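Sharing a structure here in C-alpha cells format.
The letters A, B, C and D name the chains in turn, as written, and every chain counts its residues from 1.
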Amino acid sequence: MAGSQTALREANRATVLDTIRRYGGLTQVELAAATSLSAATVSSIVRELQGAGAVDVRTTVRNGRRALLVTVLHRTGLVVGVRIGTRHMAMTLADSAQEVLVEQTLPLPHEHRADTSLDRAALLIVELLERVGSSPEELLGIGIGVPAPVDVATGTISVPGILRGWDDVPVGEVMSRRLGVPVFVDNDANLGALAESRLGAARHFQDSVYVRVSHGTGAGVVLGHQLHRGFAGTAGEIGHVQVDASGAVCLCGSRGCLNTVVGVPALIDVLRASRGPLSLRDIVTLASEGDPGCRQVVEDAGATIGGVVAALAISVNPQCVVVGGELAETGETLLAPLREAIRRRVPLNHIAPLEVVGAELGARAEVMGAVLLALEGTTLLTHRVDHPDRDRVPG
Amino acid sequence: MAGSQTALREANRATVLDTIRRYGGLTQVELAAATSLSAATVSSIVRELQGAGAVDVRTTVRNGRRALLVTVLHRTGLVVGVRIGTRHMAMTLADSAQEVLVEQTLPLPHEHRADTSLDRAALLIVELLERVGSSPEELLGIGIGVPAPVDVATGTISVPGILRGWDDVPVGEVMSRRLGVPVFVDNDANLGALAESRLGAARHFQDSVYVRVSHGTGAGVVLGHQLHRGFAGTAGEIGHVQVDASGAVCLCGSRGCLNTVVGVPALIDVLRASRGPLSLRDIVTLASEGDPGCRQVVEDAGATIGGVVAALAISVNPQCVVVGGELAETGETLLAPLREAIRRRVPLNHIAPLEVVGAELGARAEVMGAVLLALEGTTLLTHRVDHPDRDRVPG
Amino acid sequence: MAGSQTALREANRATVLDTIRRYGGLTQVELAAATSLSAATVSSIVRELQGAGAVDVRTTVRNGRRALLVTVLHRTGLVVGVRIGTRHMAMTLADSAQEVLVEQTLPLPHEHRADTSLDRAALLIVELLERVGSSPEELLGIGIGVPAPVDVATGTISVPGILRGWDDVPVGEVMSRRLGVPVFVDNDANLGALAESRLGAARHFQDSVYVRVSHGTGAGVVLGHQLHRGFAGTAGEIGHVQVDASGAVCLCGSRGCLNTVVGVPALIDVLRASRGPLSLRDIVTLASEGDPGCRQVVEDAGATIGGVVAALAISVNPQCVVVGGELAETGETLLAPLREAIRRRVPLNHIAPLEVVGAELGARAEVMGAVLLALEGTTLLTHRVDHPDRDRVPG
Amino acid sequence: MAGSQTALREANRATVLDTIRRYGGLTQVELAAATSLSAATVSSIVRELQGAGAVDVRTTVRNGRRALLVTVLHRTGLVVGVRIGTRHMAMTLADSAQEVLVEQTLPLPHEHRADTSLDRAALLIVELLERVGSSPEELLGIGIGVPAPVDVATGTISVPGILRGWDDVPVGEVMSRRLGVPVFVDNDANLGALAESRLGAARHFQDSVYVRVSHGTGAGVVLGHQLHRGFAGTAGEIGHVQVDASGAVCLCGSRGCLNTVVGVPALIDVLRASRGPLSLRDIVTLASEGDPGCRQVVEDAGATIGGVVAALAISVNPQCVVVGGELAETGETLLAPLREAIRRRVPLNHIAPLEVVGAELGARAEVMGAVLLALEGTTLLTHRVDHPDRDRVPG
C-alpha cells in the first residue's frame, strides 16, 4: 500500500517534471491544469522538487497578477540543440549539465528555405529562454543538425543539391549573427552518433557507427570516442553509396544511390499501387501493425541497408552498429534483416563480434547530439571532436 | 663538360651506395667488381662518401687477408622491416634515421607455413646484421607485414582462413622469442598506408587511404596522420566487400567478395582460355607492353576496385587515395578506370576534391612501413598509432 | 437458292433465340421489334421453336392487354451463375440441363462493396426469374465467382486485401439468407477452369490449367477432371508469384507479384506517356486494331505470364493450358509469346506435348462455370469437386 | 538399477535386430561376432525375439556344419524397394506389413548405365532374398526410384538427357523380365513424397509437397493423400524451373534452371577457389561444422529453392512442405532461409498457415517410398495412386 502510494507519488513527480519541460515554465495554477493534479498535490510536489534542487520557483506576473513560476533549475550556462528535418524542426534547451529544460517541435513547409527557417528558429530560441525564466544573455551556444553533410569549419552544407534552399548558406554564421553566440553545425546522423556514443547504446564502445534510417539514410562514424567527420564532413554518407548501377539519379548527382532505393519517396512509390499514398509515419505504423506489404518493404530496406553498412563496417571495423531514425521504430522488422545482411557479409574475426543494436535515445538522439555539440564547442567538455584545426566556427 | 663530369660522378656515387645497400657491406675490391668501376674511382668515391658521413669504412678480414669493409654509416639502433607475401619475403635493415642499410628478397613456397617462414626470416636477419658489420645486440625491434588482418595487440592474424598455415600463430611472440627484441606485426596494406602517409604520396594529407592491389586487394586507412586499424585490425579490408551476390565463395567465407573477382586467381582464370596460364608478374608485364587482353582485365579490375573504394571513400571521406601494389605498376591502365569509378560515385563537395594518385614508394612501400612500425614501436617517434591501449606486443 | 433460304431461316431462328435469352422473355410483338423481323416471320419461327421444344409460349398481360409471352423452354429446376468483376457483374439464368434462359450484365462502381453488390444481385435474380416467367420457388441454387481466392467451405474470401470491401464477408451465407437457396462461391479463374474443362477447350483432357488474363491474372487447376482448389482455395493464384524482387508491393502484401507487372493498372501506366489514359477495353481494342504500343505491351505481358505458367505447368504437369480472360481476346498477340515462353521453359517429355490454346467459351467461361458450380452443388451432377469434406455451404 | 538393466537389454535387443536387418540373416555365432555380445546374451535375446514373433530361427548349413539362421520374421509376400542415385544404389527388402528385413547400399560408377545397374540390382535382390532365408518365389513386386521424371505407365524415363545412360530404357519391363514380378518405377522425389506422406512428417495432411534437395532438386506433390504425377510424370520437377534467364544450359535443355544454380556441381564450383574440390558430403559436413563459406552457399541455395517452392506452393496450395534430401541434413542452415523465402512470397490466407518442416524419414524416405509403391501396386493397399488408367505396368 505504502509502496503503491510511493509509486503514485513518483509518477506524479515525473508527470510534473515532464510537463515543465514541455512548456519550459508554468505557474502552479497552470501546472495543476496541465497535469490534472490537484493544486495541493502540485504545490507539495513542487516544494519537494525545489528541495531536491530540481526546480526553481520564482515570482512572476500572469494576467496582471502575481504568480509562482516553476522552471527546471539549471546550472549556469544554457545551450540550444536544433534539428532541422525535411518537414519539422525540433529544439531542446538544456543547461551545461545536459539537463533538459524545455523541448519543442515545429512543422516546416515542404522545401523550406534556410533564411525563413533560421528566422523561426531564432525567434523560438528567444521564446524558449523566456519560458524557462532565462534570457539570451545566459545562452552560451547553439548546436544545429541538418540532413546533409556539413563543413563544420564554416557551418555550411558541403555537398550541393541534397538540401534544397540551404546550399551556400553559412548556417552557423547566419545564426550566430542573429543571436550573438557561437553556433556549431553538423550533419544529423553525426549528431545522432555523438549522442548514442556519449549517452546511448554505443557508450561502452570506442569505435561505433550510428545508422540513421529516415527520409534518407546516413551514418555517423565514431572512432576512439570521437566523431570522425572526414575532411569535407561527408564521412558516413552511406545514402550515396551506389547500389543500382542503372537506378535513378540521386539529388547528389550519382546514380542508383542507396537513398534512391530505400529513401522514403522510393518506399512510397513501391507501395502506392496497392496501398495508396502513404507517409513515412504511415509506413512505420502499418509495418508495426503487421501489414505484410509495409513489413516487406521495411524488411527489404533493412537488407539493402545492411549490405551497405557491411561495407562501411569492413572499412572502419567498429565494435558496434547502432540503428536509429524513424524507420528503426519498426524494431526487428528493420533490424533483423539489416543485422543478418551484416552478419553474412562482414568476415568473422577472432577478437570481437560486431554488435548491431537499436538506438536507445530514439527520436531524441539527433537533438541531444546538437546539445552535446554546443556544449563541447563552448565549454570544452571532456570529449573533443577530432580535426580540431578545422573546427573553427565564425564568431 | 664540367657539368656532365659532375653528373657522371654523381651517378657513380649513387651506384656505389645502391650496391652497398644491396649487399649490406662490401670491401673496396668487391665494390669495384660489383660496380665495374675502377679501383681508383671506387676508392675516391668511398673517401668522398666517408667524408660526407654516408658510409663507414672499417678493417675486416676477407679470404685470410685484411681488407677495408664499406657499409652505410648508420645511427645507433637498427630495425628490420619484413614483408611476408604469398610467394616472397622482403626484408629491409634500417637505422633509427630510417636510413636503409641493406635490402633482401627471398622466395617462399606455395602455401608456406608460419613456423618455417619465421625461422628463415630470423636466420636472414642475423645474416643481414653481419653483412653490415653489426650484430643482434644493436637490433632494437622488428616490424612484420602479413597479407591478412592482424590483431596488433597480440601480433596474430585476426580473421581465420585468409593466410593458411598462419592461423592462430602469435607471429609477434614467436619472432620476439627467436631474436629477443620487440616485434610489431600488422597488415601489409596498413604498412603501405603508413609508409605512403609518412614518406610518400599522402604525406601532405591528414586523412588518406592506401589501396594495395596485388594477389588480393586491401586498403590501409590513415586518419589524422594515424593508422586506423579498427578494433580487430580489419579496417580497410575491402577485398572482402561483396561485389557479386551470386559469386564464388571467398577464403573468408563470404560470397562474391571483391577478391573473388579481381584477385589474381580470378584474373588468371579470365585470361587462361586465350592467353594460357599466366602469373601476376606476366599480367603486369603484358599489360604494360600493350597486350589488349591483359590491359582489359587490368582496366576492368580498376573499375571494379574503384567502385568499392568509392564506398570506402564515402565512409571515411579522405583527402587522398593512393594506389599501390604490383598491379599498380601498370600505371594508368589500372589507375585511370579506378579514378573514374571513384569520380562518378563519390558525391562532389565544395571543400576539397578527392585525389587519386599512384604510390610513390612502389614495391618498397610495405617493407618501409614495417621499418616505420618498428621504429615507432621502439623509439617513440612523433606519430603514434591509434588505439594505444591495444598496441601492446608480447615479449 | 434453297440452301441460302435455309441458311437465312436458321440465322433468323438463332436471332430470335438469342434475343429471347437476352431479355428472358418477350411477347411476339416485342420480339418482332427487337429483331426487326416481320410479325409473320416471328410468329412462324416461334411456332417452329415451340414444336421443337425449344421455347415455351404462354398468355401474359402487357400494358393492360393479353399477349403471348415467349420464353426458352426449360427443364425443372433453375440455377443462377453470377460473376462479380472489378467493374461489372454478369449473370446467367439456366436450367438443370445447362440451357441458358437469360443473360445480363450490370456495371459496378469502383471499389464496390459486398453488401450493396449482393443486394443488387439478389434483386436482379428475382427480376430475371420473372422475366422468364418463373419465380424464386423454382430456383435451386446460385453459383458466384469472385476475383479473389475463396474458402469454399465458408464462401468467404480467404486472402485479405485482394478484393477490398469484400474481406470477412461470408458471401455464400449472406446471399443464401436473401434468397433461401444454397449458394456456392468460388474464385473466377476456378470457374473458368471448370467451364472450359467441362464444356470448352479442355474437355478432352483430364489435367488442365485455365489461365485468366484480365485486370489481374489467375489460374484454375483441373486434375483428374476435378477442380483442385487447395486447402485454402488459393491453388492457381499465379498472379501472386514473384517476378520482380524489387518491384512494387501487391495488394496481397508480397513484392513484385506477376499482377504488379502485367495487371491492368501496370499496363495502363506503361502506355500512359505515349497513349494517354486507357482502359483495359481500349488496350484490347487498340491491340486488335494493330496499334504497335498496345500490341507490344500485350505481347510482353504474354511472355511474362508464360514464364510463370511454365513454372505452374512444371509443378502440375497438365496436358493442356487454356488461356482466357479479356486480354486473351487479342488472340495470338497474347497467346503466341505466352505459348513460346512455355515451350522454352518446360522440359520436353516423350509422352505428350503440352498444348496451349485459347479459351472456347470466351467472356462466358466464368459465368457458365458459376452455373455448373450451382448445378453440381445442388443436383449432384456426375463430376464432384474434390475435398468434399470442405465443400459444405452454410444455409 | 533394474531400470538401467532393462534399458541395456532393450538396447541390446535393438542392436541385434538392426544387425539382422543389415545382413538379412545371421547364425547366432555370427550375430555374437557382429554385435560383440556374448553367445549367451545373443541366444537369450533371439529366444525372446522369437517368442515375440519378431524373428524366425531355422536350421541352415554354414561351412559344412549345421547352424541356426536368425532372420526377421516376415508376413507372406515380400517386396523390394530400390533407389537408383547418381553414385549409389540403395535397396530395402520388406514384407507386406512394411517390416524391413534387410537394407543394402551399393556404390555405382560415374555415369552408370541402365543395363549393368539393373543387372547388379537383380543379382542383389536374389542375394538379399537368400540372406533372409527366402526365395524369389516369395517376391511379389519391386519398386524402383530414379532421379528423373518417369512415365509410370511404361516405367520409362519421360524427359531425355536428365539421367544419361537410362534414356529409352523401359526400366520396369527390363527388371520385370529378369525377376518375373511386376515392377513399378517412379521418380525419387515422388517416392520420398509418398513415404513422408504415409509414414513421415506429412502424414496428418491431405495435401503436401516433398522437396528433395540433393545432387539436384525435385519435388513430389501429394494431393488428397495421393501422389500427383501429372500426365507425363513430370509434376513437381522444380529443378527445371527457370531462375536465371542468362544462366547455364541445363541437362533438360532449358536455360538457368534451378538445378544449374543450386545443383551440387554448381555449389562445388562456387566453393572450389576457396575450399578446393569438395563433394556433396563434404559440403554437408563442413556446413554443419560451421564453415562460413559452406554455410553461406547452403543458405543461398535454401533461399533460391524457397523462391521456387513458393511458386509451387501458390500453384497447388498444400498444407505442408517437407524438405528432405542430403542437403537437408544441414538442418536449419538450409531450412530457415527456405522457409523465410516461402513466408515472404506466399500470400497469407485466413484458413491455415503453410508449414515448412524437415523430413522425418531422412535418407530412407525414397527407398521406403519404393517399398510402398511396390506394395500398393501388388497388394492393393488402402491408398491408391491417382490416374489408375495410366498405371498399368508391363509384365
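Convention: a contact is a pair of C-beta atoms (placed from the backbone, for glycine too) under 8 Å apart; a residue touches a chain by one contact, two chains touch by 3 or more.
Protein identities per chain, from UniProt: A, B, C, D = ROK family protein.
Quick caveat: nothing in here was measured; it's all calculated off a predicted structure.
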Size of the rotation, in steps of 5 degrees, that lays the CA trace of subunit C (ROK family protein) over subunit D (ROK family protein): 180
Type of subunit B (ROK family protein):subunit D (ROK family protein) copy interface by residue overlap (half), same or different: different
Where subunit A (ROK family protein) and subunit B (ROK family protein) are represented by their mean Cα positions, the distance between them in whole Å: 44
Approximate Å spacing (C-alpha centroids) for the pair subunit B (ROK family protein), subunit D (ROK family protein): 58
Centroid distance [mean C-alpha coordinates] between subunit C (ROK family protein) and subunit B (ROK family protein), Å: 76
Residues of subunit B (ROK family protein) engaged with two or more neighbouring chains: 252-255
Chain-level touch network, classified as line, ring, star, complete or other: other
Listing of all chain pairs that touch each other, if any do: A-B, A-C, A-D, B-D, C-D
Subunit D (ROK family protein) to subunit C (ROK family protein) touching residues, read off their complex: 149, 151, 156, 158-160, 162, 206-207, 219, 221, 223-224, 228-238, 240-242, 252-254, 307-308, 310-312, 314-319, 344-352, 386-387
Footprint of subunit C (ROK family protein) on subunit A (ROK family protein) - complex, ascending: 261, 269-275, 291-297, 300
Subunit A (ROK family protein)-touching residues of subunit D (ROK family protein), taken from the complex the two chains share: 292, 296, 299, 344, 348
Complex interface listing, subunit B (ROK family protein) residues touching subunit D (ROK family protein): 161, 246-255, 260, 265-266
